[in-house]
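A, B, C and D are the chain letters, set down in written order, and residue numbers restart from 1 in every chain.
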Amino acid sequence: MLEKLAKARYFSRVTGAVNRLISERGESNALSMADDVFNNYRKLTKDQHLKFFTFLFEKLNPDPVAVMSAAQNFSVEASARNYIKLQRVAEPPRQELFRRLNRATNGTADLVAMRRDLLQLLDKQPELTAVDFDLRHLLSSWFNPGFLKMHQVDWKSPAEILEKLIQHEAVHAIDGWDDLRRRLQPDRRCFAFFHPQLPNEPLIFVEVALLPEIPAVITPLVDKKAETVHQTSQYKVAAFYSISNCEPGLRGVSMGNFLIKRVAEKLHAEFPGIKTFVTLSPIPGFIDWVAAGADISDEKTGVQLKPAVRLAREQSLEVLDLANRSWTERLSAGWHPDTATEKEKSALLCLASIYLALGSAGRNGNPVAKFHLGNGAKLHQINWAGDLSRKGLRQSASLMVNYLYDLSSVEENHERFTHGEIDYSRAVGRLMQV
Amino acid sequence: MLEKLAKARYFSRVTGAVNRLISERGESNALSMADDVFNNYRKLTKDQHLKFFTFLFEKLNPDPVAVMSAAQNFSVEASARNYIKLQRVAEPPRQELFRRLNRATNGTADLVAMRRDLLQLLDKQPELTAVDFDLRHLLSSWFNPGFLKMHQVDWKSPAEILEKLIQHEAVHAIDGWDDLRRRLQPDRRCFAFFHPQLPNEPLIFVEVALLPEIPAVITPLVDKKAETVHQTSQYKVAAFYSISNCEPGLRGVSMGNFLIKRVAEKLHAEFPGIKTFVTLSPIPGFIDWVAAGADISDEKTGVQLKPAVRLAREQSLEVLDLANRSWTERLSAGWHPDTATEKEKSALLCLASIYLALGSAGRNGNPVAKFHLGNGAKLHQINWAGDLSRKGLRQSASLMVNYLYDLSSVEENHERFTHGEIDYSRAVGRLMQV
Amino acid sequence: MLEKLAKARYFSRVTGAVNRLISERGESNALSMADDVFNNYRKLTKDQHLKFFTFLFEKLNPDPVAVMSAAQNFSVEASARNYIKLQRVAEPPRQELFRRLNRATNGTADLVAMRRDLLQLLDKQPELTAVDFDLRHLLSSWFNPGFLKMHQVDWKSPAEILEKLIQHEAVHAIDGWDDLRRRLQPDRRCFAFFHPQLPNEPLIFVEVALLPEIPAVITPLVDKKAETVHQTSQYKVAAFYSISNCEPGLRGVSMGNFLIKRVAEKLHAEFPGIKTFVTLSPIPGFIDWVAAGADISDEKTGVQLKPAVRLAREQSLEVLDLANRSWTERLSAGWHPDTATEKEKSALLCLASIYLALGSAGRNGNPVAKFHLGNGAKLHQINWAGDLSRKGLRQSASLMVNYLYDLSSVEENHERFTHGEIDYSRAVGRLMQV
Amino acid sequence: MLEKLAKARYFSRVTGAVNRLISERGESNALSMADDVFNNYRKLTKDQHLKFFTFLFEKLNPDPVAVMSAAQNFSVEASARNYIKLQRVAEPPRQELFRRLNRATNGTADLVAMRRDLLQLLDKQPELTAVDFDLRHLLSSWFNPGFLKMHQVDWKSPAEILEKLIQHEAVHAIDGWDDLRRRLQPDRRCFAFFHPQLPNEPLIFVEVALLPEIPAVITPLVDKKAETVHQTSQYKVAAFYSISNCEPGLRGVSMGNFLIKRVAEKLHAEFPGIKTFVTLSPIPGFIDWVAAGADISDEKTGVQLKPAVRLAREQSLEVLDLANRSWTERLSAGWHPDTATEKEKSALLCLASIYLALGSAGRNGNPVAKFHLGNGAKLHQINWAGDLSRKGLRQSASLMVNYLYDLSSVEENHERFTHGEIDYSRAVGRLMQV
């Protein structure tokens, strides 16, 4: 009972602090009011978060009447005066609130954490996407690539930062400090974006292997016992084999694209012999997609299969016959690329090429492909037996893929991709035609 | 002729680069397009600046029809969906342009410089205030106090930074490096705000003297031969005697208020014996105001003089009689506070107290007073013979003023000031009643 | 065969390079000759090390005739002229060689490494102590406490440095990175000395626990699951529980003493509430000493036991009776402090107090005691069941000891200790009298 | 009277502190005793300095009897044991004192300052060269080039450091901050050696001009209005035009040689197009030497003029005829290189070539020549009308000289120079033969 009262008190304190901060008094307040908001916010329960963000949504919206009137004036005459008036009334007070909250002791970090909380509520309360829209808009402006610092992370970096790599590596888990150390040797590089306000927080990081040629198999890249190649003359290819976000509160703030390009430029400047930049990427969801019928039809892209490809697709589905014998079953029975039949191999490669080269731009396209192709990369090669880990066998029957970053065509490819067109190599094209 | 063609070419290049940068292709471009815009922009002539900003105004406005329709929907139903739609169409494409321009090599510095150019055109072409509104809005968000770093500037600072203090000191000119060195000794401090993106650019700086008591006269504070007081036990008062902006491109981005407060906190933490924070400030325009009739009537504040004050004002004006003998004339004749009559002294102090304590909140209020009172300071004391420099005699008959920053009441004072109320000491109040 | 020739070639190259470096030409050579020496030295085999240092010993000694003549002149007249002459001829050319070697790319590190090699040869070839004397003399001058920088090592430190702590911790092994992280939390501190020339090499480090009282038992201090105490008001005692050298090449260069004192000063300045500085130290060799007869007689100190103590010692030896039943045997049979008899406990404590309080200054005194008492600490307390680890039971029957650093008496104690006197508490005194 | 007592007290305090510091107690003292010595030393008068250093000389010498005995043993058998004994007794206790003094708060700086005081007493009291010998020996070891850090000093450097350049520039005075700023532009560089212990003290600095060709005239190099050349492709020659020591307490500790060579290497690495490293140097004392008879005979070098050169020398002396009309007189009469006769010009160039190319290695050789030739440079070119400043006309009739640093021959040249041989160009050789 007392606890309930206490909880209610925190809530009324936080809304009180918000009201003060957006008032006239708050305008000139340096720090204390913003600290008040966060200090009380931190004591709220999960339920109260919902109430808090609903408060931000309902009480700090623009005034519809004022917006309507300003819009009318602006539509009659697009003068500077009318324009400014429109901007003033259309911007919600909560944007100013967020900017003022940034004055708090760890304002930026606290705002990012606040968005983390908010994101978890969107499913339950979709109206809060309005508040999230504002926060993401602001964070996108503050974390725009012009403000991000790219740093190499290596064995000289603070343990505090290295520890975060271990925690957040999302693609090929880092198995402790020895594994990490191997990934930071001269022929493996790690680069991260940092924001000046959060100097010990890698926001996103990418791991790169410097190799003599384009890799088709993941194991040697992440083998902690692999011998380090020190001779830089052997570095010809930079292979991005993992990219991970560390900060859920920055979801939707695009950084990966810029990180990969900046790393590519940096490596090219350091090692002029490195002229090829590729990824070695997983294909999550591939087998599920096959099991569900291997359908790439999509309202948005309206992509159509050519007759030959349609035929190849059908034959491949028949060969695999997942309807009658599920993939899980087959794995339990010991399926392995080395013992697969040629027909199975062709069928899987054919379907993967259709999935990635034709289906990626659609609503249900593969997310990894969407990311790299959307960045302007080209679908370069699909690799049989690329990932023999349990997860690799399960999600993609061991297939992996190389996306190629050719810096001279990334912008064009990016634009074409937004119109549904995908750049893929002839080799990939051939796989579709069994 | 050829030159004219070249100029035209730069202009079409810059608009071309702008169009590319805001296109789909530009979205994912890391750096080169933004660099293109600035590289070509730098070659434009002053006339072309006008053309360029007009282009930004006319071509990158929101679409009035879309705004109108979104406003209507939002006024019917303030749902998240309608809200987001409204925000999307109401924000002008040039905001996104500016954010993308920040990706350029020195993007932030170049944007600030661009605004510097723009500000010089506003008188000529007032419609461009629309573009300026957007730029200032963005820069206010990026240079909000949460992102600024306060650093002490002292004799260990890079010459490059110190040089900028000499250049930009706007209140009491710094007469070369020896003068500067004196102002950086232990009993004189200088603090500046920096932005992580512009690490060698002080944005605004304040100079402080640590003293045993509230100063009434400026000379000893800026005397380069003054002996340094090293005994910190003698520091009781921190006197802000100068605050200057270094970056015209950030005009209107409020930083001074936060700087003064942060310095006050820092000094208080370092020297708990310092409990009083005041300014010693000039009163620019005071004599001009007297000469123009000492009128404080103001539409906005609607301030009314009490009968006794009105009388005092009239008597004072009569004593000074500037209509018949101008202040310049009097100065040429050798006027000096030491030889002034008691009547003159009272008259000048009376009018100054009316000017500052009653007139500051009005449209024509004294700008220095507006700044400090608007920050929440209190009008503490008016000092006779405070500034005997040529400029001091001319602009304010040697009068100077102390504004007091009492951190416990600054927010309240700030709010009252926005409603036209000014906090002044009894001592100042007494001066109004001759 | 060819290999042998190659080896011989390296050896003649290194001596050639040495000769060049100490020649006139070498005097003004900036770097290359010194690099030559080390580059060739690194290729020598262990056998050749011996040959190399013998070369330094035999060829780069002072000239006995010149020394004799200079000594005679100096003994006749101790003039400046004769003095300088004496210094010039008495200093061996190899000192100048070592100083010039320091010009090499990593000269200081290479010299330290060279001494590491040399130290391993001294047993085999005692004459080389002459060369070692010179190297140690030089390194003692270069690594004197005035040149060492003390830094706290914490979780923000580079992994490269932290890794070295794990490697070199000599007292209570660090069990991986999680264990290390615990030892760097706010209530555990780690400080190390660094030399500007070797910025990533901790030379010696000490681990400290901040506690409410003097600890008697080691386990809680090194328990990686121990809860961190963040409340600094609870820190009353700083307990040094481990001190380890990282650099064998600096053996005999005294740093530990200064490190402990500088840490004590720093902690006292940071936490004025911490007034007590103690160690919690092991007693290596204690049981072995008992087994060998518990003899403290020593030529140098000539210490004599008082009759009562002599009696107590004999009774204690009888109780333990290690001659008939060895300590190892007893441990195998499950001996443990909790099940020991009161008599055993008294006997062990009695002998330990004699060993430490009376025997430490002698030639065979306990090395840990020698270190702390020699630094001027006081023998404060002997703790039963202080270290229940296998090693603790074996070497000291679980006993541990606190040495107390009272900064006001360390110098006096240090001096007394050099004369064989040991400062111990009454509590320790009482243990001697069963 | 009281003052005299106070003075005496300080003196006895400083000697007391010295005695404590070199005692057993002092051995383990971390800091306070060394601080005591310096705190009291600082209060001594100049007279007391003499007394203090005499105390160091008389009381802290090695023991002649012990030295004699050790020397005898060592001459009988050069064993390690005897060797170590000899080293122990031959080293004076004051060396250990100096090393312990380094533990003081600013120990290194204070020791350097102490030597500054000592150097001023040597003329008066030559016996103190014994103490100076020890201090210089120690400082040479501590400030050996392996420990010095070379840093570029530029406009980003702390004002505190820049100020010291202005103070200590000994060759071409820096006329204030604007002059300094010009000397730090991209085509002018300044490099200095720093010691980790004195991070804000440039110890020695060299100024370099990056030029298209070898300069013959100084004015354009130090002209503060000279336009900056930013195009690095034009940098072909690095001309060292000034080198100055900042720290008199390090006199005789050789640093300049290493600084020049390290700068040459650095510049060559940064601008591979720069292949020529020369100085543009003054010839102080040249006219005085001519006036005194142009004598290069020297006991040490025993240099002999060839008959043709002897003749040329005599004819030149005749032409100049300084015996009858002094140089000062001639200057007063308006002598200037532009109006000099061809004969005068030849005579001056002839004598200068003899002075530098033949006389530099002798006892009275030109000090600047001694420095550069001793570093291994080559006498490359003598320039007519190189320095038209008052000082230039007076000391060398406007002549200047280029010394060439060819890194491939500096060591050989250095060695040859120590044997009296000087490397000079054919062009210089031709000047000797009128």
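The rule is simple: a residue touches a chain if its C-beta (ideal position, glycine included) is under 8 Å from a C-beta of that chain, and two chains touch if they have at least 3 such contacts.
Computed from a prediction, not measured in an experiment: that's the story for all the values here.
A.B. asks: Determine the set of chains touching subunit B that also touch subunit C.
C.D. replies: Touching subunit B and subunit C alike, sorted by label: A, D.
A.B. asks: Tell me which chain's centre, taken as the mean of its C-alpha atoms, is farthest from subunit D.
C.D. replies: Following the centroid criterion, the farthest chain would be A.
A.B. asks: With centres defined as the mean C-alpha position, give me the subunit A-subunit C separation in Å.
C.D. replies: Chain centres of subunit A and subunit C, defined by C-alpha means, are spaced 53 Å apart.
A.B. asks: Can you work out the whole-Å distance between the CA centroids of subunit C and subunit D?
C.D. replies: Comparing mean C-alpha positions, subunit D is 42 Å from subunit C.
A.B. asks: What are the residue numbers in subunit D that touch two or more other chains?
C.D. replies: none
A.B. asks: Work through the pairs of chains, note which ones touch, and then classify the graph as line, ring, star, complete or other.
C.D. replies: Looks like a ring, each chain touching just two neighbours.
A.B. asks: Any two chains that touch count here, so list every such pair.
C.D. replies: Per the contact definition above, the touching pairs are A-B, A-C, B-D, C-D.
A.B. asks: Mind listing the subunit D positions that touch subunit C in their complex?
C.D. replies: 23-30, 57, 61-62, 64-65, 67-68, 70-72, 74-75, 78-80, 83-84, 86-87, 90, 92, 99-100, 102-104, 107-108, 126-130, 133-134, 137-138, 140-142, 144-147, 196-197, 257-258, 261-262, 265, 374-376, 410-412, 414-415, 418
A.B. asks: Show which residues of subunit D lie in contact with subunit B when the two form their complex.
C.D. replies: For this pair, the touching residues of subunit D are 155-160, 162-163, 176-177, 181, 200.
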